[in-house]
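In what follows, structures are represented as structure tokens.
Two complexes are shown next, each including chain A; its partner changes from chain B in the first to chain C in the second.
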Partner chain A sequence: MSAVSDFPDWGDPHSPANSYRLSQGYITDTFPQTSVPNMVTAVLADYRGYDTMFETVVIFTAGIAIIGILRRYGPKDKVIPEQKLYKKEPDLIVETTCRLMIPIIQLFALYVVAHGHHSPGGGFQGGVIFGASFILLALARDLQAAQKWVPESRILKLAGTGIFIYAGFGFLCLLLGSNFLDYAILHKVMGVTPIEARSHSMLGVEIGVAFTVTAIMFSIYSNLASNGYMKEGL
Partner chain B sequence: MELFEAISTKINYWVYIVIMMIGLFAMISKNNLIKKLIGMSIFQTAIILFYVSIGVKEGATIPILYHDQVHAAHGDHGEADTSHGEHGAVESHEADIHINPDDFTNPLVHVLMLTAIVVGVSTLGVGLAITQKLHREFGSIEEHEILEIIKSGK
Partner chain C sequence: MIWIFDSIILIFLVVTAIISLQVKDLLSASMIFGVYSFLMCLLWAGMAAVDVAFTEAAVGAGVSAVFLIATVFRTSRRSSD
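Up next is the complex of A and B:
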């Protein structure tokens, strides 16, 4: 607490963290170097590409760990039905609201992913929104209804695909003779200037992130809500 | 008055300390594992608040360029090496776009905190899963009850 008086004042543009040339450089150089107006996305997906890639791996690992901890297969599935034969009859208001809301939520999620380097957004945010639309479906109906769209086998494939897309961009750069995740070299295959190639590759890796996050978010929810049986939701 | 000023100019750090201590208290002293996890979340939130508040600049906006700034650059093809400027006076870099660092908050802390949020979600999810597994095994999420069951079992 005594250290508080040594901290810089609130909103001081010349505090050490704000005046250090790294932060300044990100602000001034991001657009000329990558043609991405959203600096946060640019720093996240380009300058700190490794960080974000392994962040995606962290999410993936968390999903695997939760499945490993909670998921239960086999004979125990037959014990459950007697204790909760709670059949939800479809509620008109809930049904209709969900039918209206879910497409809009998913459309918005795609917008957040696709427009993430021009406005606030990106793979993580869009992925979470997209996963939330499935969670809403699972809450409003039951887990079965949502699993028709994202069955368990598809979850891990989706999550793996996301990481594969991200790492694929990295290795594509490697193959073309540049550093891992150095997107500028991709202009050879994209047919645009090196600067725009970085922008487009960022969109690509954000889509990969979004895949993983969507799948894992729903996986976490469905495992936690159904106590690992994946049979019934809350 | 001096004390008031000392607090009010650095209010973000005080708030952050208070929130962090609430989280730490919940983590240490609560017996309920879910409450411990809530405490962990509060703790993480405090750290996120701390970092984001470091990046704040007075009168600055979010770290996304304005629309007209982007279009001014695109008019000159947005190439980094075209360094002829129509407004030469405000030229800051090789591209024809003038960006004043003081106009935008610090993007670096936002990126770091995006990472922290993601990691926080992951740890919270795994923590909840472990709690649920414990409840399945021991029928309780109270720490002392679980410890008693473990002791009596052995």
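Up next is the complex of A and C:
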């Protein structure tokens, strides 16, 4: 506790973290270089895009590991008596509320993804919110209702598509003769200035991240809730 | 003025952290953990780290609380330790 008093003040512009030229460079150069007002997203998806790509791969790997551990095939083993308490009848109020809420939640998730480089948000948050809308559907109705939209066979394809989009942006830059994930070169295919190309590419990789996170979040929930059989949820 | 709100949130944060570790009923522990995440989200927002606060609200308070509760329903509800 005695060391706490030696910390620099909150928001102190002369603290070592704030006065180092790297952070000052981000603050002054982000908008001229990338035309993205939200510098957190710019650092995440552009300057440190390589890290974020493998964060997405980490989520994908975690999803595969959870499917590998929890997924079970074959007939169900006998139901634990405690679980019979949670057999539920369809409830009018809950179903109607969710029917009204889910489109709004999904629209907001798409906004968070699409507007992530202009306001707080981005692929991870938008993907989690989009996955949560399917989890809400599975909680309000049952797991089959949600699996009609995200069937099990489609989960890994969706997650792989996300990483494919992200890595595709990287390899497209390589093909056009620049460095991996150096988006400025993409102005040749996009037909905009190099600065705007970086902004548009950030949106592209955020969409890739959102695909992966949505699929993996729903997959984790459905495996946990259905005891691995993917038949009936909570 | 803002430090009063910060202190209140911080006290609640510590209280919820201790309760969620101490309580024997795992369902309550999961829900209190969700409250902890939400208070953490408020603190991040108070420190103007809006992106982090957003992630904490979506992942911590939203989805991971649901994951924990789903796990509690499929295992046992009482903690043995």
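For the reader, a short list of remarks on this structure follows.
We take it that the second predicted complex is superposed on the first by the 214 of 234 C-alpha atoms of A that agree within 3 Å, B and C clash if a C-alpha of one lies under 4 Å from a C-alpha of the other, contacts with A are read in each partner's own complex, and residues count from 1 in each chain.
Everything that follows uses one rule, which is that a contact is a pair of C-beta atoms (placed from the backbone, for glycine too) under 8 Å apart; a residue touches a chain by one contact, two chains touch by 3 or more.
This is a predicted model, so every value here is computed, not measured.
When the two structures are aligned on the shared chain, A:S15 is found in touch with chain B, with no touch to chain C.
Counting the residues of chain A touched by each of chain B and chain C gives the higher count for B. Applying the stated contact rule after C-alpha superposition, one finds that A:E152 touches neither chain B nor chain C. When the two complexes are overlaid on their common chain A, residue A:G121 makes contact with chain C while staying clear of chain B. After overlaying the two complexes on the shared chain, residue contacts for A:L224 are found with chain B and with chain C alike.
When the two complexes are overlaid on their common chain A, residue A:G131 makes contact with chain C while staying clear of chain B. Once chain A of one complex is fitted onto chain A of the other, the partner contacts of A:D29 are limited to chain B, with no touch recorded for chain C.
Overlap of the chain B and chain C contact sets on chain A: residues 10, 38, 40, 120, 122, 124, 220, 224, 227. Here chain B touches chain A in the complex through residues 6, 9-14, 17, 53-60, 62-65, 69-70, 73, 78-80, 92-95, 97, 99, 101-102, 104, 106-111, 114-115, 117-119, 121-123, 125-126, 128-130, 132-133, 136, going by the rule given at the top.
Chain C meets chain A in the complex at residues 47, 50-51, 53-55, 58-59, 62-63, 66-67, 70-71, 73-74, 77. Residues 1, 4-5, 7-13, 15, 17-18, 22-24, 26-33, 35, 37-40, 43-44, 48, 51-52, 55, 58-59, 61-63, 65-66, 69-70, 118-120, 122, 124, 193, 195-196, 220, 223-224, 227-228 of chain A are the ones touching chain B in the complex. Taken in their complex, chain A has these residues touching chain C: 10, 38, 40-41, 82-83, 86, 112, 120-122, 124-125, 128-129, 131-132, 135, 139, 217, 220-221, 224-225, 227, 234.
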